[in-house]
Amino acid sequence: MNGDQACAEGAIAAGCRFFAGYPITPSTEIAERLARRMPEIGGAFIQMEDELGSMAAILGASAAGARSMTATSGPGFSLMMENIGLGMMLELPCVVVNIQRGSPSTGLPTLPGQGDVMQARWGSHGDYGVVAYSPASPQEAFDLTVHAFNVADRYRLPVFLLADEVIGHMVERVIIPPEKEIELWPRKRPANGPSTTFEPFRADPDDLVPPMVHAGEGYRLHYTSLTHDERGYPEMSAEAHQRLVTRLVEKIRRHTQELTLFEASQLADARVVVVAYGCTARSAQRAVREARTEGIPAGLLRFISLWPFPEAVLRDAAQGADALVVAEMNLGQVAREVERHVTVPVHRVTRAGGEMMPPDPILEAIRRAANGHRADERPSA
Amino acid sequence: MMNVFSRIPLDLAEHTVPRGHLFLIRERCKGCRMCVEFCPRQVLEESAEINAKGYHIPQIAEGRVSECVHCQFCTLICPEFAIYSLEVAA
Amino acid sequence: MPPTAIEQTSAHPLDRIIRADRMPHIWCPGCGIGVAMRSYATAILESGIPEEQHVVVSGIGCSGRVAGYMNIDSYHTTHGRAIPFALGLKLVKPELKVTVFSGDGDLAAIGGNHLIHAARRNVDLVVICANNFNYGMTGGQLGPTTPFGARTSTTPYGNPELPFNLPYLLAAAGAAFVSRWTTLHPRQICEDVLYAFAKPGFSFIEVLAPCPVGFGRPNRIEEGLDEMELYRHRCVPADGIPLDQMGIDLREERPIYVGRLIDRDLPPYRLQVAPS
Amino acid sequence: MRTEIRVGGFGGQGVALAGYLIGKAASLYQDLDAVVTQAYGPEARGGASSADIIVADGPIDYPFLTRADVLLLLSQEAYSRYRWEAHADAVVLIDDGLVTPDGGDAPHGIRATSLAEELGRRLFANVVMLGFFSRVTGIVERATLEKALETTVPPRTLEMNLQAFALGYESSPETEPAA
Amino acid sequence: MNGDQACAEGAIAAGCRFFAGYPITPSTEIAERLARRMPEIGGAFIQMEDELGSMAAILGASAAGARSMTATSGPGFSLMMENIGLGMMLELPCVVVNIQRGSPSTGLPTLPGQGDVMQARWGSHGDYGVVAYSPASPQEAFDLTVHAFNVADRYRLPVFLLADEVIGHMVERVIIPPEKEIELWPRKRPANGPSTTFEPFRADPDDLVPPMVHAGEGYRLHYTSLTHDERGYPEMSAEAHQRLVTRLVEKIRRHTQELTLFEASQLADARVVVVAYGCTARSAQRAVREARTEGIPAGLLRFISLWPFPEAVLRDAAQGADALVVAEMNLGQVAREVERHVTVPVHRVTRAGGEMMPPDPILEAIRRAANGHRADERPSA
Amino acid sequence: MPPTAIEQTSAHPLDRIIRADRMPHIWCPGCGIGVAMRSYATAILESGIPEEQHVVVSGIGCSGRVAGYMNIDSYHTTHGRAIPFALGLKLVKPELKVTVFSGDGDLAAIGGNHLIHAARRNVDLVVICANNFNYGMTGGQLGPTTPFGARTSTTPYGNPELPFNLPYLLAAAGAAFVSRWTTLHPRQICEDVLYAFAKPGFSFIEVLAPCPVGFGRPNRIEEGLDEMELYRHRCVPADGIPLDQMGIDLREERPIYVGRLIDRDLPPYRLQVAPS
Amino acid sequence: MMNVFSRIPLDLAEHTVPRGHLFLIRERCKGCRMCVEFCPRQVLEESAEINAKGYHIPQIAEGRVSECVHCQFCTLICPEFAIYSLEVAA
Amino acid sequence: MRTEIRVGGFGGQGVALAGYLIGKAASLYQDLDAVVTQAYGPEARGGASSADIIVADGPIDYPFLTRADVLLLLSQEAYSRYRWEAHADAVVLIDDGLVTPDGGDAPHGIRATSLAEELGRRLFANVVMLGFFSRVTGIVERATLEKALETTVPPRTLEMNLQAFALGYESSPETEPAA
């Protein structure tokens, strides 16, 4: 099963019963699999007229109570940005999958890239918190899709699965656990039924997440993309805006630890720590292994979550290290975040995309780092 | 050119005529005069009085208070949910 | 008898279906949106379908504010995206009566693609389009229904574009039911909304509405009332008139056709089902 | 010297235009700097509306009101909202056909809307108010405000605008009796 | 004249003869003014059906040889992202104005914000270089619009004017210089006419910018949003991609100095440096003045260009300072960039938007900074 | 005489108007896009308008690759945005003949809004739509013209959606000229492109084209040739048939109407001009 | 059902018949057989020969070499810009 | 143990399926790990096409070929492109109806396409090739490949697929004479 198909199966396993999408290489296989599978299990598959519509439709489905998903790649992700902002504002849980290809623009439709990491964080206008996961195998595409739905429901927001073409199209064994072994977190729901005092956007102070009410449940609720108060009514004031936007950012930031997923390998004694994610982490794994055979004490910190930025685990991993190597298939998007949090030299290994980064350049960077070379100055504009 | 709107008063004429009593939520009114102009019985007129927002609210025209046939057109045509008539028990 | 004050009150019979705590609404004096909304509100009450089963979805615009004033489950989304949002909602809970209430710009300019595709699919939605021939919310710009030659804040020398004939477009796109009325026809709007509630597939109800501030003034239709008078004089039943003649023109001699324009049985959209 | 002026009313009363005219008169036809800002209600018309003008004899950094020195108030809502945010001794001008001042307050009143209606168009209440403002405060002169009107309003309405301005300027600047 | 109108006049002064837009508060006055003005001077004004169309139309106009512009606010900017990427890929000069309002989503349509700074940098998928300017007055809206056209033509890309609602709607005196005093940089054009060896995407090695050819000039050129070689032909290879994407980023990064605009006031002896931009800089100016009256040696570094990030001037300004204060109407977007480049404590003064930030909180931050308080920990997720 | 080999050569008479250095193109064996493109190429040569004055703009898709193969000024833009890009270009240089060549998905799905609005404005563009009833490029998914019930990779149980009747939609939106042919009609396509070059306003030429890989195989039309045979047997001149009957259905008994469907004089889009 | 395509051969029949000579760019051909099937004179047939991409290219059928009337339909219908006929001087 | 296998041809030859079947047989029905990756041509069909399979007895990190140990080549283009990127002593299998090997090279040849055509559908050339591959290399067994076919291809085509496989498996694995 390839990563796309695994992602589709993950959605089904997570209880997703609404998929709206628009074909785009290399994500199309997700839609194609769900087109076949959804009708088998009583779920909804609809191919929309464009990605704007796809994104809006999964938000509507979420508002009605469904777990919903869409899948796309860079160009479609760009088109979804406005309605991703809507999902953030209305706090509608759903999952948005981006199987990254060579960007910008139409770029390299069939070839891999990891260039949409910063876009996932900042692509819609304004401030809001973001959660994104990046799988390194089809199995993980399955697992993280399930997890993304759980996180979406717990924190009430669109969650991103940022995979890449290599993972999406690579065929590997995927084990789908039996239904009862799959942990599903419930959507946060109000304790009581409709009442005149219920405020749909009053968040619990402990987690900053308001319980969610669906259409047709008798609450007569109002959701608006305008700045709103706790009742959900538009309120055009700086105070209401500050309260709302801060909460949207803080509800994620405050849970950074719970939201962080990573894999550390051979970090205990590592002097050179390689940071990588998605497909690139597989090459990094090999580079680290080869470095070890050369006697270089290298280790790998694989980010599984990219947003909120896993700064604590990064700082921990950097603690004993002399240098970091950040390998990624873009021109240094995660590297620039890494640089904000550590004081040791950061060696960037970057590729614009078009083919999976091979282990060699990473190995070379490890060697350079181990020999105490200065990190290349590459200030990012 | 046949006039669609004219249907309403036409239909009405065929029924026994009920009577209406009018109510106004003063601060909702924006003085648009729709109720005044489209009342088929010329029950209403603009008053000199203005509400807190500065709009002239409607009033019942001289001698027309019992002319209201509770056709509800003022109710239907008021964009502000401000005026309505209730049927008076005959 | 001298003129009499009307008896003052603080509640309206429709207050239970509108958000009375948000009245007065933001619409200008003479704006027609309120009339279109109350016709929809009345239809809900008369529909026999419990209010809890009704959902309204709006885009952005003056007309888009309707979602914020209806005391039912209501969604005020992004500009142009009310239809796909409503579609997602409806497909998940087909038992709900989902109505899209928005403006001509929202539905037919930025949202035009969703409009024609929803009509093509014949999705079971009722769309009420408050057509005021311009973008009211942003201050009276050209819209896709602004008549040729009309003045707006972005066509100071007269509109060089031909407008959409919305009923014709919707018919060509595939809608099952299309009607047109004006805010002078609150009863007919209500009736047609009721009819559309009962009709499977995609229904589109165009309601011509005055926007004295945005469209009226620059085109010498100073007040809402003046536009209503214009409707009174020029509205003509559409019976038998071909759809391609339904365009609205400001020139005095052209009638404005109103009525039920399309009512046909086409298979409504159904999700795919796997053969068992 | 920095003078902060607020014009308040509701949509459709020409509040923005009044503010603009004050700013234009000051910055283009007098030797002053001026910034005009405006509080919009919701995107649409019909809500509360206000315009603020800062007039100064040198560059203006923060362009908004911190506390008004002068108020021109055309609606009750504007009065309730803005009167007590302003300096207690601010110069307050009201349309006293529309605004009933609070007990203890003694603003300068003029029946601007009624006067404008008498002139034929209530829309000119703002210009009546401008005349009144010029007369009472002297911050911006009659001549420069009239020049601003000339270069701003549609030519066919200029005459009536000047009449409205004169009505305001020439009405006696009496203080409302403190109720 | 307000900032929007000044921007429109700036476009005309810059020789812009094509405007395509879609109304949106608080940018609408730009369109409205150009709707009146363009027909007066033989230029084109068209109101498109949406922002996707507006952006595509100005690219087409640029391809035909015109100086072209669109103007929008957050929601429309989000919708433009895909075609902004197209402009970057095809290297089509144009100007995109964003008069920022309260974000995210529909937010506060009529009220100010500065929340789209990071979006301007990262909003479209993939890597590419970006230039953005932020005016602090209507006069500057005029001046920077002219400058933005010049930069767009010299470096061949869509350039952003990131203003805010305060500047857009604020009315101030604007002086429009006589035509001959306005400096206009020519678009970079090929030295020779059509030939079989001409390669439209062969960049000069010194500036990395290929000279531009327009439709109808006989070159029979091909522009594609796919990754392409120097002939402009699609080339689906990692090498071509690396070459192209690196150039798109480097052609801007390399010219950071030329592209940087800033205003320094009272920095010579400043121990506390306030960094601000757009409308917020006006409050910062007052706060600095008041701090000086209190005896605190404060200074102001006003960023006029936001992208490429003015890191060199920032580092210079931070040199002698004990602390920085970054004031902005978002939750710390520029502050996080500032933190990457300096070692002194950075005090963030943030507001989500909805009203212009007043001088007081900035003054307070200056006081705190002067007293050696620790900068608040506010790691941004 | 035994079978004879055809004389081999390395150049084609059209090589000067196509990018011969990029041949063979990427299209599959039996794909119809090449035929539609050559008909357009021929029209350029026959138009009498210098080749330098022709511009082609495409979106993304197999059909969208046409821009990359035409040896004229050519723009391969983003998915769905060819029309507004072309519009900007045309308004700046009205002396150029700007043609949009793209697919059904590009023009009528994601690009649907621009399509109807360009038609409404009656902008002077020629749009050639290669309609192969599916998204070829991405591997044969449902498109807005896929017939009801047809199988595609995203409608494995049969398409539950009704397709657009493109000529009807374009007519309702406001196009000045609309015709439909198939890849079996290269001469007619060429003629109509020539006619459209000369006609002011918005022209839309729909060319039905086989996509054996994406649409054909799942629907038992194995080869491009088979679809051509189907055209041969079912194409019927549209003379007198009302536009709302122009829908294409796969069911055997339904004819496919071809020909010039709309040809009318509507004011073509002109930029606003200030009265002097 | 009137067949649109049938017009082409019909029209042709009314002219004096020219003769054509065929050319093929072998490596462009993808063996789709359009030229073969739609030649109104059955001049062409699929050959057993395959080009570098593995496609069967067309050949001139037994005895049909002089049957080509230069109608150019093969030229027009070849999606690959691979085959064309040139008129032979009579 | 890490074995790198590449299948190359053009679109429509079932290259991807062949790769998938090898991977599936190895990872699901044999005690091996496998990754299958695929080089797409441009988004459309009809261009060059290849599929790579890494088979190993433990977790696979880098999932792509570094240098092929085994090649299955179904077109001349694929041969020219891939043959000399592979190890010089790689096991090379070609459809020798479509591929003419370079001088000095001695791949294992089978007329896969012709055989498939004889069977009735040239589309089955890939499966013929699979049988041949299993027989020549033994990396993946006949039984597991047949099982992979059974669980993958549409039931109505299974019979023909198995026949094609057998054709390939049973044809004599002769080496092409070095030309």
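Chains: A, B, C, D, E, F, G and H, in written order; residue numbering restarts at 1 for each.
The rule is simple: a contact is a pair of C-beta atoms (placed from the backbone, for glycine too) under 8 Å apart; a residue touches a chain by one contact, two chains touch by 3 or more.
All of these numbers come straight from a predicted model, not from anything done at the bench.
Colleague: Could you give the fewest steps needed to travel from chain C to chain E through chains in contact?
Modeller: Step count on the best path from chain C to chain E: 1.
Colleague: Would you mind telling me which chain pair, B-C or G-H, is linked by more contacting C-beta pairs?
Modeller: Taking the two pairs in turn, the one with more contacts turns out to be B-C.
Colleague: Let me have the rounded angstrom distance from the C-alpha centre of chain A over to the C-alpha centre of chain F, please.
Modeller: Centres of chain A and chain F (C-alpha means) sit 39 Å apart.
Colleague: Please tell me the distance, in whole Å, between the geometric centres of chain D and chain H computed from their C-alpha atoms.
Modeller: That pair's centroid distance is 85 Å.
Colleague: If you average the CA atoms of chain A and of chain B, how far apart do the two points sit, in angstrom?
Modeller: 58
Colleague: Give the residues of chain D that touch two or more other chains, as numbers and ranges in rising order.
Modeller: In chain D, 41-43, 46 touch at least two other chains.
Colleague: Where in chain E do residues touch two or more other chains at once?
Modeller: Correct list: 25, 35-36, 39, 45, 49-50, 52, 75, 82, 85-86, 90, 105-106, 109-111, 224-226, 234, 236, 355.
Colleague: Two or more other chains touching the same residue: where does that happen in chain C?
Modeller: Residues 27-29, 31, 60, 76, 78, 80, 109-110, 112-113, 117, 137-138, 144, 155-157, 271-274 of chain C touch two or more partner chains.
Colleague: Please give the residue numbers of chain D that touch chain E in the complex, ascending.
Modeller: It is residues 19-20, 23-24, 27-28, 33-38, 40-43, 60-64, 66 of chain D that touch chain E.
Colleague: Touching chain D in the complex: which residues of chain B?
Modeller: 30, 50, 52-54
Colleague: Give the list of chain E residues in touch with chain A in this complex.
Modeller: By the definition above, chain E touches chain A via 52, 74-75, 77-79, 81-82, 85-86, 88-90, 100, 102-111, 113, 115-116, 118-119, 121-130, 224-227, 236-242, 244-246, 248-249, 252-253, 256, 307-309, 311, 330-331, 333, 336, 339-340, 351-355, 379-381.
Colleague: Which positions of chain G touch chain F when the two form their complex?
Modeller: 1-5, 8, 21-28, 30-34, 37-38, 44-45, 47, 49, 53, 55, 57-63, 65, 75-84
Colleague: For the complex, which residues does chain A have touching chain H?
Modeller: 25, 109-111, 166, 169-173, 279, 282-283, 285-286, 289, 355-356, 358-359
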